[in-house]
Every structure is written in C-alpha cells, then in structure tokens.
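For reference, the structures are reproduced in the following blocks.
One chain, chain A, links the two complexes that follow: it is found with chain B in the first and with chain C in the second.
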Partner chain A sequence: MLDTTYNVETPEGIDLRARAAGPVPRILAFAVDVFYRTLILAGLGIGLAFAKTAGMGIWLICSFLLEWFYPVFFEVLRGGQTPGKKAFGLMVVNDNLTPISWGASIVRNLLRFADFLPFAYATGVIAMTLGRNFQRLGDLAAGTLVVYRDTDKVPMALPDTTPLPPPRNFKQQDQLALISLLERHDDLSEARQQELANLLEPITAKRGRAALEYLRAVGSWLLGGRG
Partner chain B sequence: MQVKHLAVRARLRSPWESIDLGIALARKYWLPMFLVWLIPAALLLGPLAWFFPGHPGWSLFAVWWLKPVFDRLPLFMISRTLFGTPVSALAALKAFFRQNRTDWLAWITIRRLSPTRAFDMPVTVLEQSKGGARAARIGVLHRKHSGAATWLTLTGIHLETFFLIAAFILIYLFIPEQVTANIEWTPLVRGETLALEWVSNVLCLLIMAAVAPFYIVSGFCLYIGRRIELEGWDIEIQFRDLVERHQRAQQSRKPTANGASPLATVLLLCALACASLTPTPQAWAETLESPQQAQQHIDKILAAEDFHRIEEESGWRLKDFDSEQGKIPEWLIKLFEWLFEWLSENADEADDSSGINWGALLAKPIELLLWIGVITGLIYLGWRHHEAILNSVRWQPNAKTKAAEAPETLFGLDVRQSSLPSDVCAEVLRLWRAGDQRAGLGLLYRATLSHLIEDFQFYFGDHLTESECAQLVSQRQRTPEGLQRPVSAPMSQFVQQLTMNWQQLAYAHRPPADTQVGDLCQQWQEVFANDR
Partner chain C sequence: MRQRDFENRHRDSWAQLETWLKNDQARAEVATLDLPAAYRELCQQLAVAKERLYTSRLIDHLNQLVTSAHHRVYRQQTLRRKGWLHYLVAGFPQAVRANGRVVALASALFLLPALVMGIGTYNNDALIYAVMAPGDVLSLESMYDPGNRVLGRERGSDTDLAMFGFYIKNNIGIAFRTFAGGILFGLGSIFFLVFNGIYLGAVFGHITRVGFVTTFYPFVIGHGAFELTAIVLAGAAGLLLGRSLVDPGQHRRSVALRLASVEAMKIMYGTFLMLVIAAFLEAFWSSSTAMPIAIKLGFGALLWLLVFAYFALAGRGGSSHAS
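== the complex of A and B ==
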C-alpha cells in the first residue's frame, strides 16, 4: 500500500507516525519565506539609503545573515517552523521525529547551496521528488525531515444516538472506520452513508436507515458515550 | 472500478498530502508515463521541425498548447494502475484517439489555460461527463481542493521554466573556459541562431515530458483524495474487509465443530479427566448448559463496563530532574560579584587619570580568565593522566593488570574445585542410578567447568552461554595460543558432547541414555586423568 507516512518506533515500542511533506508544499513555503525576506531587505535598504557606504555595508551583512540564519533561527526557536512553513502547516524535525537541534538546522541550511545548483534549487527539487521521504540533499546530510504538523481536532456536533456496545471481533481499524462514519455524517450524503451501512449487513443483520442508526450508536459508544 | 483494489492507502488527506501522494505514485510508474507523453509530442514536433524549420518558437508553442491532448494517456495509464488493472505503454498508445474523443475541442481552446487542469481532467477522461453534468461535478469537487490544484499548476509552470534554465546553465558549466571566452553572446540572446533554438526546443520537450507525469498524477491524486472524502472510500474498504473476515471466520468455525477427529476428542477427555482429578480452584461461578447460553454469557460480559473502560491521560508532566543540575553554583556567582566590584574599582581609578580606558579595563578580566583557563587545563591534564604519571614516577613497574578472577559460579552452578567430591565419576553414576539425573549430569558438567577454569586457565565470563564456553574450548584446540595450556582434540570433543547433553537435559528435560552417561564418565576420567 503506497502512502506518504513516515514511521518511527521508539525503544519503548511506541509507533510514531508522521506525514512527510512533498516538494509542492515545500516549494510554496519556501516562496513565502523568500517573499518575507525580500520584504525585510527592501525595507532595510530604504531605511539605510541615507547612510551611504556604511549603510550599504550594514545592508550586505544583514542580507547575509538573513539568507543563512533566518531559517535556522525559526527552525530551532519556533518549533521547526519558518513563517512560510507555518503558513502551510509544515515543520522540520530530526528523522527520529524529535525537535530539530542547532547542528542539524545549520547543516541543512548551509547545504542549501548544494541543493541550489545549477540553478533555482534544481538539485534539491529532484532529490526531494526521488527520495523516499521527500528529503533534499541538506535534509539527507543533517538527518532531518519536513513533516505536516498535526492540527488539534475541533469538537464537532454529532447526531443524537443512544450508544450501544460494538459487536465482538472488531479490530481497532474497524472501530476507527465506524467512528469516521459517525464523524463524517455531514460530509457524506445520506444515501451514501446508508449504502456503507448496508455493507455490514452480514454482521448487523440490518438494512438502510436502521443499519445506519445502529452503526452510529456503536460509533458514539466507541467515542466514549454511554447510554 | 473496484475500490477494494486501490493501490494506495485510502485515508482522509489534506489537498497537499494528496499532491504528495501523487508525487510518490508518479515516481513509482514514471518511465512508462514519460514515454507515453513523449512519443506523441515528439511525433508532432518532428514534422513541425521538418516543415517549418524557420519557426522554432511557434512549433514549440503548438506542442505546449496541445498539452491537454498528451496529458490524457498518462492519466489513463495511472488510473488503470491505481485500480489494479495496469496497461502497458504500447496498449495506452494504441488508445490515443479513443482517449481523446471526449471534449477534445474544449480542452484545447477555452479550458487550455484553466489553472485547475490536472484536477479537472479526470472528470472528462475517466467519468466521460460533459456539459451540465460535468459542470455540476466540477462544482462539487472544487469546493475544497481548487486552491491546491491552482498552486500545483503554478508550481509546475515555474518548475518547467527553472529546469530549462538549469539545464542550460549545467551545459554551460561543462564547456571549457577557452571556448566560452570566444562565444559571441549577442546573436544567442537575440535568438538569431536557429540550431540553438531547436536544441532548446528538444530540451524543453524532454523537460515537459519529464515533469508531466508528476503534474498529471498529482492532479489525479487530488481528484482521488476528494472522492475518498466525498464517498467514504476508506470506510467502504474497511467495512468490506471486516465482512470478509467475518464470513471467513464463520466458515472456518463450521468444519472444526463437526469434523474434530475422535483421537483428539479422546485426548481432550483424558486431559480433562486428569485435570479434574487434581484439585483446582473453582474458576467459574456457575455452570452453563448449552453453547448458546455460554455465548450469551460471553457477550454479556464483553459488553459490560469491564471491557470498555477508557482512561484518558493528557497533559505534560515534568520528569524528576536532579534539581542541582542547571543551577548556577554559588561560587560562580560570588566570583562574578567579586569581578564586577573589582572592575568598578578599576574603572574609578581609570576615571581619576584620563577618561575611561576601555582597553585596559577589558584586558584585566580577560587576562584573569586566561590564567584561570591555563590553571584549569593543567589540573585537568594532571587528573586525566594521573595513573600514567604515578606509574612513571614509581621505581618498579606496576604489576600487570590483575589477572581476571576465576568465577565461583557459572549458570548457577558452583564451579570451585573445592566443592567437588573426591571421586567425581563414582558420585555422578551413583546420583544417576538413584534417579536424580539432573544432579548427576550437572555434577559432571560442573566438574568439567571447574577443571577447565582452574587447570586450563579458561576465563568464562558471566555473559557467556554454555555453548559459547564450549566454543571457546574448541577454538583453543584449533588455534592454541602461546602461554595457555593447549587443549587436546578428544577433550574438545568431550566438552562439546557434554555441553550438548547437559543443555538437552537442563532446558529440554530430555535425559541422555544411560550408556551415554557411562561413556561420558569414562571420557571424563581419560581426559582429566593427569590432573588429579
């Protein structure tokens, strides 16, 4: 089964799962960062125009620092998110999914130079596209990874049901599917929901509206509701 | 189209994740899609180059404009692959005109510049819908994913351009400097060199063909992601799987109930009889007559609160750190306070003489710090190498490292020679005949280990297993080392055999035959004869 998830097992036997972010959102996030940087530099340039040669020197130093340390600063001190990455819900982590460290961040950003060659990050884009976890060369060298940040689930309105205990032999995946059916009661059409509920007829021995009601009742039990 | 044959994991994805999945999918099946895109496009560009050699720009523009025509074949291929019925590149090429029948005019005129081209294309190619039906469908699909589809197209355009420039720069980087110095740039920049224009066209065509599969498949995955969301494919697949498992379980339950072999039944009865003879605590509260009743009882218990207790733990807790760590030690604070006082005194002095002499003011503490550094370094070096220094100072060289102490117990067996009886073999055979097989063979094994350790200076660490000890013995037999007492072949063989027998008895409860124990005793006497 093809998927873009990235799995790590901790020594305690806990499976951590992250969703690796591919080239398109990363390129766009980078574009947003470039936009911000240009904005800052343009503002600085206008501000320093009055200081003549000294202003030019300060501007050049600032542009150097912005180019190389703007991402490092945000990645380490702002939870792995530069403003561009934040806009797209991305974050940089070490490849064991721990927060990124100074060393790794500096390495991955200095190696942007290698990814840039021969022009406009062509190497980086190709490496990202071909790599298993969408890592560019800098990521590979620093052992880092760009993943989607999990967003907090907002509480949603669920249809009114009296919770019923699930039948036996429901694995975790099945339970998740039932919960998903309940949670998506607004997004899926009523007919489609009944059609899905009918699939389970051999187990529930119900059809149509009754089957759907029953599955919803089981789903709300699984979500912690008790009649 | 069978949803259960889907080759990618069906789950709810954000639009960006769908695009990522498209990239991963395109990477996997890139070559055939690349060829299927490239061949028709090249077949168009070739004749154009032949008939209008003077218009390279317009020729490329024609190919570029007809992109929707070429996009359909890779889309057709990947859709078939995704649902488990892959088509070969050749078969796809044969279907070129059939795939282009639906709405071909609209796609190369009004819809050519649509920013959501890759996302909308599957509606035409796979669903074959036109007109009002298509508009309604697109409306539903676009409600959430159109933004990402637009950005995908924009990214694709930019990538193609950047890749073309990058390709030129790469080529330029490989031209020797003597040659580049003589290039006349003006005609090149003005576009007056036809040959170069055509080379550029070919490069551009290759890049378009290389990027196209990623763009098309990403758009297709956006479409699939939206349909998974709209139609609950993930739920459908899971439900089908559940029903299938349920039916399999029911089928397998039937034959075992009827066809249990009589032998197994007898055995089971015997086991039950034995079990009932031994007094066991009453594990069940009430007796249930029929399987149906038992089933109901099980269901009732399973549905009860005990099996559905959910405990939720959330929030972060701080570990119990050593509170000493991380605190700034008192003496450091004192030192700094003293330093600042001292500094301010010096500053006053400086004020008295001639303004603030910052250089001198800073130099003092830096000098102090450097001295502290040097002294700390020396102390550290002394401490780090204190053993070596002490050794070199001492008159007589230190005795070599302590000989590894012989262990007193191994595998829970006492291996000191003093703990052995005077006539090991007689004792072993006596125990064996008395029926205490473990004690008997254990004594023999213990005696062997103890002789190996004390007479042959074997070092068996705590970490070794029995077979690793035996390996050490055979290793020394094969490659004897200078100082240690060599091991003869029969002894090594005996140790292997004994170890194997002991392991069989100790762990598998499989005692060796009586004669073999006798043999082992005899061998033991032969092997260790000259030690006693």
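== the complex of A and C ==
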C-alpha cells in the first residue's frame, strides 16, 4: 500500500493509527532546531565572554551537551517533541506508539552522526526513503518512529437542513459516500459539491442546488438527525 | 445506533477525558478520573465506531483520544531491578566481559596500527609527515619540548577549565562518532579505531624518537588509562551494531540491530563516564607540573592497573545471582 499510515494493535485489541512523517517536514524541523541551538550558543557565547578562558571551557561543555543531548532532553521530557518538531507537529514515539524512553532517545541521537554521513544527512535520508516508515538508521536501531501529532479536529458542524429518509435500495457504500460528502461540506467549494451531487441525478432526479440540498438532508438523516 | 445518538451518549465522557489529558499539572480538579477504566471504554467505543463505519472524522477524533490516553497508560520503562550504582559496580564490566571477543577485536584494530606506526616513526623520521602536516608536527614538538616551558608552567585554573571543556567536546565527540559509525556495517568504527591508532602510534613513536620522554609520558599516562580504553570500548560497541547487520544470526536484521543496540548501550554509558573522568584528569592532573615525574608515572600506572582490575574482576561474584 502506498500509504504512510502506521498501525499498531494494542493489548485492548484495537488498531492505533499514526501517520509516519517523511523526510521533508523532518528536515525542516531539524533546521528549526539548528536555529534554536545556534541562538542558544550565541547567547551563551556573549554571556560567557565576560568569564574569559573559564567561560570558554563552560561554553565548550554547553556546546557538547547541545550537540548530542539537546534532542534527548526534549524528546523524553517534552512528549517526544523538540521545539523544531513541535513547530511542524511531529513527535518521536517508540514503534509501538508508546512515549519514547531515555535509552531509545539516546541511541537514536548518538547514531545521528552515522545518518549525517557523508554529508547533510545523506545516509539518513536514503534510509528513510528505502524503509516503510521513514526511519533513519538511528530510528531503526532504537526502534523509534517520527509521526505526526494530530491536531484537535473540530467536531463537524452539519449544514442546517431538515433530515429526509434516504430513497429505497440505498446501499451501505452509497450511504458512506453521502456521509463523507456531508462531512467535507466545509472543505469543498459549493460549485464542486453541486457538481458531485449532479452525478447522482439518476437516483435523486434533481440537479444543481436542489440535488445538493436533498443529499444533505439524506446525509443528516443517516447520521441520526430526525425531522 | 445512529452516529448522532452515539456521539450524544458519549460526548461527556470524551470531553472529561480530554480535559484530564490536557491538564497534566493541574490534576487536582479532575483527579477523580479512573484512567484505565476510561481508556478501556474509549477503546471499545473506537472499535464500535469503526465497526459501524461512522464518519472518518469521528474515528480520527477517537483515535487521537485513544493515542493520547495510550501514552499515559503505557510507558516503556526499562525494568531496572538495580539502579545505576549496580551498573557501575557490576553491570558495566559484566557487559564488557560478555562481549570480550568484540572488545578484543576493537583493541587489535586500535593497537596493531598504533604499534606499526609507533615503530615506524621511531625508526624513520620522515614517516610522521605521512599522517601530520609539518606545522602540526612542529606544534606537537613544542608542546612536549622539555626546554620549552609552555606546558611546563603552572596554568591558571581557568585555563584548566577551558581545556576541560575542550577535552569533553573533542574526545567524547570522537568516541561517540566511533560508536555511531558502527551502524554502517561496522565500517565506521573500524575506520575510527584504525585512524586513531595510526595517529596515536605516530605521535608516540615520533615523540619518543625526538626524546621528549620526560614530559610526554608523565602527561599521557594518567588520563590515557581511561581515554584509550574508552575509545576502544566505544569502537567495540559500534562493532556490536555492525556485527548485528553483517551476521544477524537467528533474527531479522532489524530485530538483531535492536537487540545489539541495547547491548551496545550497556557499554556506551560506562564509556561516557570514563571519558568524563579522562577529560577531568587530562585537564586538571596531567598538565600539572608541580608533581614530580615519578609520582605522575606511578599514579598513572596505578590508574591503568585499576582500570584493568575493574574490567577483569568487578561484578564477578554477583553474576551468579543476577538473572
């Protein structure tokens, strides 16, 4: 399947679904993190310049910690999100979709160096595109995965219609198609919706605005609305 | 049941769970929620919603809710019956001994090139220039020149601190890279081990040939006990990763790699600690010239002895009871 969904069956017997994040948002997120890190280092550099040589030592230690442990810190303590990942709605999880632990996070970030080779994360990007779930080498070794953190979906606002019962011999598939049309009534333009409604002229015997109104009414009935 | 009725029936419990999940810190007001029960109910509702082919938006919403609750219910935690103290006293040396063959291989990859280059540069004064630029050779010589008191003068403590930072960043970075390179079928680790071996061997041979023995050896012997062994161990940890890919045994490569990384990390945590100790010694002890050379050599030899005794003996008694 050409799909980025990632399913995990939980002990409760349901399939949890997540969408694996591809190279592009991850590279962008990484760029944001690099920006923040540079900012911190520059700030520290200015602050520690007053401490002369001793400040240099502290600055070097900080830069070491930032280089290797900045992602670890955020991934474990901030729900799998470095600031960059947060900006792009990504999060790191274990491959059973549980929160990432210290061990796994340290492994995936130590192996970052191997992913970086020979330059600009070439190995990592190749590994990501070859694998099923966009895992770079560090992810493979640590058993982790970068997924999209779904944003809250607003509950669907139904269009204001009086529900009408569906016509006879209306199959389940037809019902589903109708409901998803209703569900997307905010995302599709009115003209396109009417166009889609026109396709059903053999069943509804209506065209244009009237057909759409009718389909909405039926959809609302199917969802449980009563006139 | 129609979707709308279903939604109406459960809307309150979903909202309650949602607020509970969001208010992580301010738990006091909604602390009455029984998370496992609420989570099980939610799972059942998601299964029902999927079975009844409710709208994808509702299913997405429930899936998202289940995922967040799942994150709270399940946390992968390594079952550590014994804490880090046990790791230091027994776990680390045990892990090193358990992978003795790989550690031996890493040592050979490091020491053999070092030996060859050491003997080579000792006997041939031009060979050093094969691995180092002439400028670097000059600065290396001046660093350990007994007549030159640059290293000899007692540095201020602020310089020590600066050097400590430098050693932390540089040396631990090298060790981490040596480890990480191992995932490329072991090639990266082999490269870094051999490269560092050649470089170090060349420096040792050259300095000995030039005759700066009285400054060089007292300087390196102390932290070398930790630093050189740590580089070898980091290489060994990397080789473990590489071996799992080259020869995964009974497992699939991805599984073998996962298992190997757990094993390798047992070595890497200790290696990290050893490198911090090495950086500390190198910055604050090795550079000091107030100590007589005999004491520095003696103390350094003692450290080597300690390190080897630690890996050879520590955690032997407890191993029969563990697991």
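In the analysis below, the second predicted complex is superposed on the first by the 175 of 227 C-alpha atoms of A that agree within 3 Å, B and C clash if a C-alpha of one lies under 4 Å from a C-alpha of the other, contacts with A are read in each partner's own complex, and residues count from 1 in each chain.
Throughout what follows, a residue touches a chain if its C-beta (ideal position, glycine included) is under 8 Å from a C-beta of that chain, and two chains touch if they have at least 3 such contacts.
Remember, predicted model here, so these are calculated numbers, not experimental data.
Enquirer: Regarding the shared-chain residue A:S63, is it in contact with chain B (first), chain C (second), both, or neither?
Expert: A:S63 contacts chain C only, not chain B.
Enquirer: Mind working out whether A:R168 is in touch with chain B, chain C, both or neither, as first, second, both or neither?
Expert: first
Enquirer: Considering only the touch criterion stated at the top, classify A:I46 as touching first (chain B), second (chain C), both, or neither.
Expert: The answer is neither, since A:I46 touches no partner chain.
Enquirer: Touching A:A54 in the superposition: chain B (first), chain C (second), both, neither?
Expert: second
Enquirer: In the superposed arrangement, which partner chain does A:A191 touch: chain B (first), chain C (second), both, or neither?
Expert: In the superposed model, A:A191 contacts neither chain B nor chain C.
Enquirer: Would you check which partner chain A:G13 touches, where first means chain B only, second means chain C only, and both and neither mean what they say?
Expert: second
Enquirer: Which partner does A:S180 reach: the first (chain B), the second (chain C), both, or neither?
Expert: Touch status of A:S180: both partners.
Enquirer: After superposing on the shared chain, does chain C or chain B touch more chain A residues?
Expert: Tallying touched residues of chain A, the top partner is C.
Enquirer: Identify the partner contact of A:A122: answer first if only chain B is touched, second if only chain C is, both if each is, neither if none is.
Expert: first
Enquirer: First (chain B), second (chain C), both or neither: which does A:G143 touch?
Expert: Touch partner of A:G143: chain C, not chain B.
Enquirer: Please write out, lowest number first, the residues of chain A touched by both chain B and chain C across the two complexes.
Expert: Correct list for chain A: 176, 180, 224.
Enquirer: What residues of chain A sit close enough to touch chain B in their complex?
Expert: 1-4, 19-25, 27-28, 88-89, 118-122, 125, 129-130, 134, 148, 165, 168-171, 173-174, 176-177, 180-181, 184, 187-188, 192-193, 196, 199-200, 202-203, 221, 224
Enquirer: Over in the complex, which chain B residues touch chain A? Could you list them?
Expert: Residue positions touching the partner: 7-9, 11-12, 14, 16-17, 19-21, 23-25, 27-28, 151-152, 155, 159, 162-163, 165-166, 169-170, 173, 214, 218, 229-232, 234-236, 238-243, 245-247, 249, 299, 302-303, 308, 310.
Enquirer: Sort out for me which residues of chain A touch chain C in the complex.
Expert: On the chain A side, the touching residues are 10, 12-18, 51-54, 56-61, 63-64, 67-68, 79, 94, 96-101, 103-104, 106-107, 110-114, 117, 123, 137-138, 140-143, 150, 152-153, 155-156, 172, 176, 179-180, 183, 222-225.
Enquirer: Could you please specify the touching residues of chain C with respect to chain A in the complex?
Expert: So the residues of chain C touching chain A come out as 1-7, 39-40, 43-44, 46-47, 50, 53, 55-58, 60-61, 63-64, 66-67, 70-71, 74-78, 156-166, 168-169, 172-173, 176-177, 179-184, 188, 241, 254, 257-258, 260-262, 265, 268.
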